[in-house]
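Please go over the structures that come below.
Across the two complexes that follow, subunit A remains constant while its partner is subunit B and subsequently subunit C.
The block that comes next holds the complex of A and B.
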C-alpha cells in the first residue's frame, strides 16, 4: 500500500516536473516575475511562476545581442537614424519603471514594450474597475477586479513577449520608493496625486534617475522631463516648489477625463522615454561608410565634444501642454529650470535617502492632507440617511430636494422632483451680516433667490454625487441666513448611496 | 483701447476656465497704472481678473496672498513668469498671459 502510494506520488512528481520544465521554457520566452509577495490575486491561468524579484537584475552587457526575430520585429524603428542597431541594443539593455498602470501608464507601457525595452517594471496597488476601461486600454472586461499590474503585464506580453516584466504589486511609499526605483535606469510618473509626484521626483533626484512626468484631467494634459540629465535638469519641486491647495486638486474621478487626452499624454511619455534612453546609445560605434576614411572624423564624433562643452546655463527646459478643445491644442512653454534653493536637488537640499527610507518625510501633510477639512463637519440634525429620506419621500414629505451637481451631471440622471442649483451658485449666496466678516468680498445684499422656498415649513434637502458638496451647501445656506427657521439637511453619501441602498436602477458613475 | 489701458490677451487652461464661465480666452484692457501710479504688473492683473472677469465666487482658487495661488503656472508670452520677474513683471501691450492650473490626474 505504502509502496503503491509512493509510486503514484512519484508519477505525480514526474508529471509536475514535466509541467514545470515546460513552464520554464515558456518563461525564458519572457514572463511575469512578481513583486514582493503582496500579491493576493491570480490573473489568467497562463500566468505561471511567480518569482521573488524586487529589483531588476543587472544585465550582462556583453551578452546583449539581437536575434533574427528581433531584427524583424524592431526593423521599422531600427532603420531610423535616431535608433540604429546601437540604439536598439541600448533599449534592450534598459530598465524602465512605470509607476501607475492607469490612463497614462497603459499607453506608455504598450509603446515601450513594443519598442523592445529590456526590462519593464510596473508599480500599482489598484484593481481594475469598470470606470477605468474607457481610457486604460491595457485592461479588459474579463480582468475587472484583478490587480492592474497583472492585467497590464498580460496585455504587454501579448504585444511583445521579449521584455522582462516585473510586477510591483504595492503602493509606492516614501519608505519603499528608494528600494523600488533603485534598479531602473528611467522612471515614468503615471500616478494621479500631487503627493506621489513630489515623492517620485525626490526619489529620482536622490538616485540620479531621469523622470518623465505627465498628467491629465478633463481635456487637458501636461508633460515634462525632469532631472534630465540627472543633476542638471529641474526636478518636480523646481517646477512646483509649493503644492497646490488640496481643495484645488481634482482627480480624474472627480473632474472627469477624456480617454484619448490622457492616452495622448501617455504616448508622448513613451516618446520622451525612448529619447532619453537612445541618447545613451554609443553612436560612435556605428560602422562608417567606406567613403569616410579613418582620418576624416565622422560627423558624430566631431559634434559630440562640442555638445558636452555647452555651458550649463544655456540649457533650456520645456513643458508641453495640451488643451484638446483649444484653438492651439499643443504648446511648448519654456520653464524656469533648476532652482538654487530647491529642497531636493540643489546644494541646499535637505531631503536625503535616509529621510525618505525612515518615513520622516510626510508627503500627504506637505500637500495639505487628504483633503480632510475640505468639507465642513455637520451636526446629527443636519444629516439624513438615504433610507430615512426615502421614507419621507414615500410619505410625500420630501420637502425641497436640491441637487447641487453641475448641469451636465444633473442632465445625465437625477431624482424625480429634484431641482438643480449647482454648488457654484450656492457659493454665491451672500453671507448673513451678523456672521464674522472674513469673506469681505461679498457685495451688496442679493434678493432671496427664486429657488428658495418663501416659507420656513418646507424642509430643504441637499444632495450631490458623493455627499461632499451637499455638505458645503448646507453650511453655506445656513450662513447666508436666507432660510432661517427652515430644516436644512444633507443627504449623506449622496446619489452614490441612493443607488446602493434605495434604488439600484439609479446610475452609478 | 486708449493710452490709459494696456490691451492683453488672457488665456486660461487646465480647468481654470471653469472659474471664468468656461471662457478659455479673454481680451482685457487693463488700466496701465495701478492705484499707486506704478506700471501695471501681473499681480495687479490677477486682482483685476478676480474683480472684473471671474464668475466663480471662490476667489482663493485663483488668487492667494496678493498673487496667483500655488499650483497655477503663469506664462508670459509662452515663457515661465519666473524668467520675467514673476508678479512684478510690468505688462506690455499685446502680451499674452496664460494661466494654467497644474494637473495631477493620470
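The block that comes next holds the complex of A and C.
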C-alpha cells in the first residue's frame, strides 16, 4: 500500500514538474520574443500602454533584476500602477529594519516579507511566551521559550524565502542604535515603551532615515510616519514633546490589548512602509491612465502639460488614531511639519550622534526614571510577603484586604474576602494638605471613602496582579492622611506570587 | 448652533475619565481647556494631559503656539495621549 501511494505521488509530482517546465519554456520564449528577457525594462513616458514597443534591457546601474518566479510571486502587486516593475525592483533593493518582533512587528514583517523587500532586519531580545500568542502571529506554540527573532525569521522564510533576513538578537540601546540602524533605508518602530520610541526617533533623525511608528494598547492604536522625507517631516518629539508620566505608562501585559487591534496597526505600518519605499522608485516610469494622456485630453485644458510637471504640492503629515470600540473607529489628524524648538530635528537641536553613542543621553531619565518614578520604594514595615500574609489569614488576622486591580480582572479571579477598590479610584484620593502646589484654592472637606475602616486597629493590606499598583496604593493612601495610625502594607509580588507560593490553583494570567 | 463643543478622550484619557467624550460649553481658548478639564477630573492634567497631543477638528494644535486660538461651539476636540505599547 505504502509503496503504491508513494509511487503514485511520485508520478503526480513528475507530471507537475513537466507541466511547470513547459510553462517556463513558453514564458521564456515569449519574453525573449518581446526583446525583454526577464530583466528591467523601461516604458517611456510618451509610449502608450497598449504599444508593444519596448526599449532594450537597461544595463546601467541596475544589478538587481527579477527572476521568473519573482514575477509570478509579486505579479498581483506589480500590476498596480503604484508599484510596477520599477517599484518592485525598488522594494528588492530596499533594506528595512523592524525593531520589535511582537504584536506590531509580526504582521508588519509578514507583509513586508511577502511584498519582496530585499533585506529585512529584526531587532528583539525577548523570548516567545504563551501570553504573546494571541496577537504575535508569527510565533507558534512550539517556539515558546525561543528567541523571538529566530521564531519570526523562520516564519517569514516560510512566507517568502527570497529576502535576506538579519537577526539582531539584542536590546536596542542609545549606544548601539546608530550602528544598528545605519545600514537600513527605513525603520519601523514596533517597540513598547516611551524610552525606545524617543530613542529610535532621535536615531532616525540623526541618520536621515524615515520612520514608521505605531503603537497599540487595549483597543486603541496610533500610526504616524516620521522624519519623512528626512529633514522635512516631524519626528516623535515634535508630535509628543513631553513624555507621559511613568506611572501612566502601561505595557500590554499591564493594560491588556486586543490582538486584532495591534495587528491592524502592524498591517497599516507595512502599508506605510511600502508607500515610503515606492515613493523612491522613479516616478517618470509610472504609467498614467490612458484617458489622461496629452493626446486624448480635452482641448480646452490649456495649462495641463505644465501642471503635470508642477512641483508636488505642500507635504501633508498626518497621524492616524484607531479607537476600535468608538462610534467612529478611525480618525486622521493633520499635522504641521517639524516643531521649531524640537530638541532632535529643528535647527535648535541639541541631540547628536556622539551624545547617543557615548550614552550621555539618558532616555530612561527623560521618561521619568525606571522603577523610581513608577513604583515608589516602600520601607520594610510597609511590605509583607505572601507567605506571611497567608499565615495572618489562617489566624483570622487578615485585616482588610484591598485588591486594586480593575473590576474586570477582579471579576476574573480574586481572593476570598478581598474587596475591590481599583487603583484608579485610589489615585483620586485627595492629598493631605502639604507642599503640593496644585491645589491653591480652598476645597471642601473630603468625605472618607466608604471602603476605609473607621478604626485604626484594622490593618489594611493592598494586593494587585504583580505587586506594582499595590505599592502605589500604599503610598497614596498614606499621603492622603485618611488612614492615619493604621497599619498599611503591600503584599509583595501580588497575586502572581500568591499563585506560585501559596495557592497553585489560583490562576496566573 | 450648538452651545457646546465635543471633547473626545482617547486611550489613557478615556481610561482616566471613564468616558469617551464630554460636551463642554464654549467658546473657549485652548489655554483654558486643560484647567477646565483638570477641575472636572482632578489629577487629569498631571497624569494624562501633560503629555497629550491635542486636535481641533482633526487639525493638530500646539498648546503654546495656538494657546489663544478659540474653540468654537460645534467643534470636535481630540485629547490624544501618546500610546507607547505594541
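The rule we apply is simple: the second predicted complex is superposed on the first by the 369 of 509 C-alpha atoms of A that agree within 3 Å, B and C clash if a C-alpha of one lies under 4 Å from a C-alpha of the other, contacts with A are read in each partner's own complex, and residues count from 1 in each chain.
Simple rule for what comes next: contacts are C-beta pairs under 8 Å (C-beta built on N, C-alpha and C of every residue); 3 or more make two chains touch, one makes a residue touch a chain.
Remember, it's a predicted structure, so these values are computed and weren't measured experimentally.
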item: Three-chain arrangement built on subunit A, subunit B and subunit C clash or fit; value: clash
item: Partner chain in contact with A:411 - subunit B first, subunit C second, else both or neither; value: neither
item: Touched partner set for A:161, first subunit B, second subunit C, both or neither; value: neither
item: Partner chain(s) touched by A:252 [first = subunit B, second = subunit C, both, neither]; value: both
item: On subunit A, the residue positions that both subunit B and subunit C contact, one per complex; value: 100, 102-105, 190-194, 197, 214-218, 220-222, 240, 242-245, 247-252, 255, 257, 262, 265, 319, 321, 323, 326, 331-336, 424, 427-428
item: Residues of subunit A that touch subunit B when the two form their complex; value: 100, 102-105, 189-194, 197, 214-218, 220-222, 240, 242-245, 247-252, 255, 257, 262, 265, 319, 321, 323, 325-327, 331-336, 424, 427-428, 441
item: Contact set on subunit B toward subunit A in their complex; value: 11, 13-15, 24-25, 56-61, 64, 69-73, 75, 78-80, 82-83, 98, 100-106
item: Of subunit A, residues touching subunit C in the complex; value: 100, 102-105, 190-194, 197, 214-218, 220-222, 239-240, 242-245, 247-252, 255, 257, 262, 265, 319, 321, 323, 326, 331-336, 339, 424, 427-428, 430, 438
item: Complex interface listing, subunit C residues touching subunit A; value: 10-12, 14-16, 20, 42-43, 45-48, 50-51, 53, 55, 58-60, 62, 78, 80-86
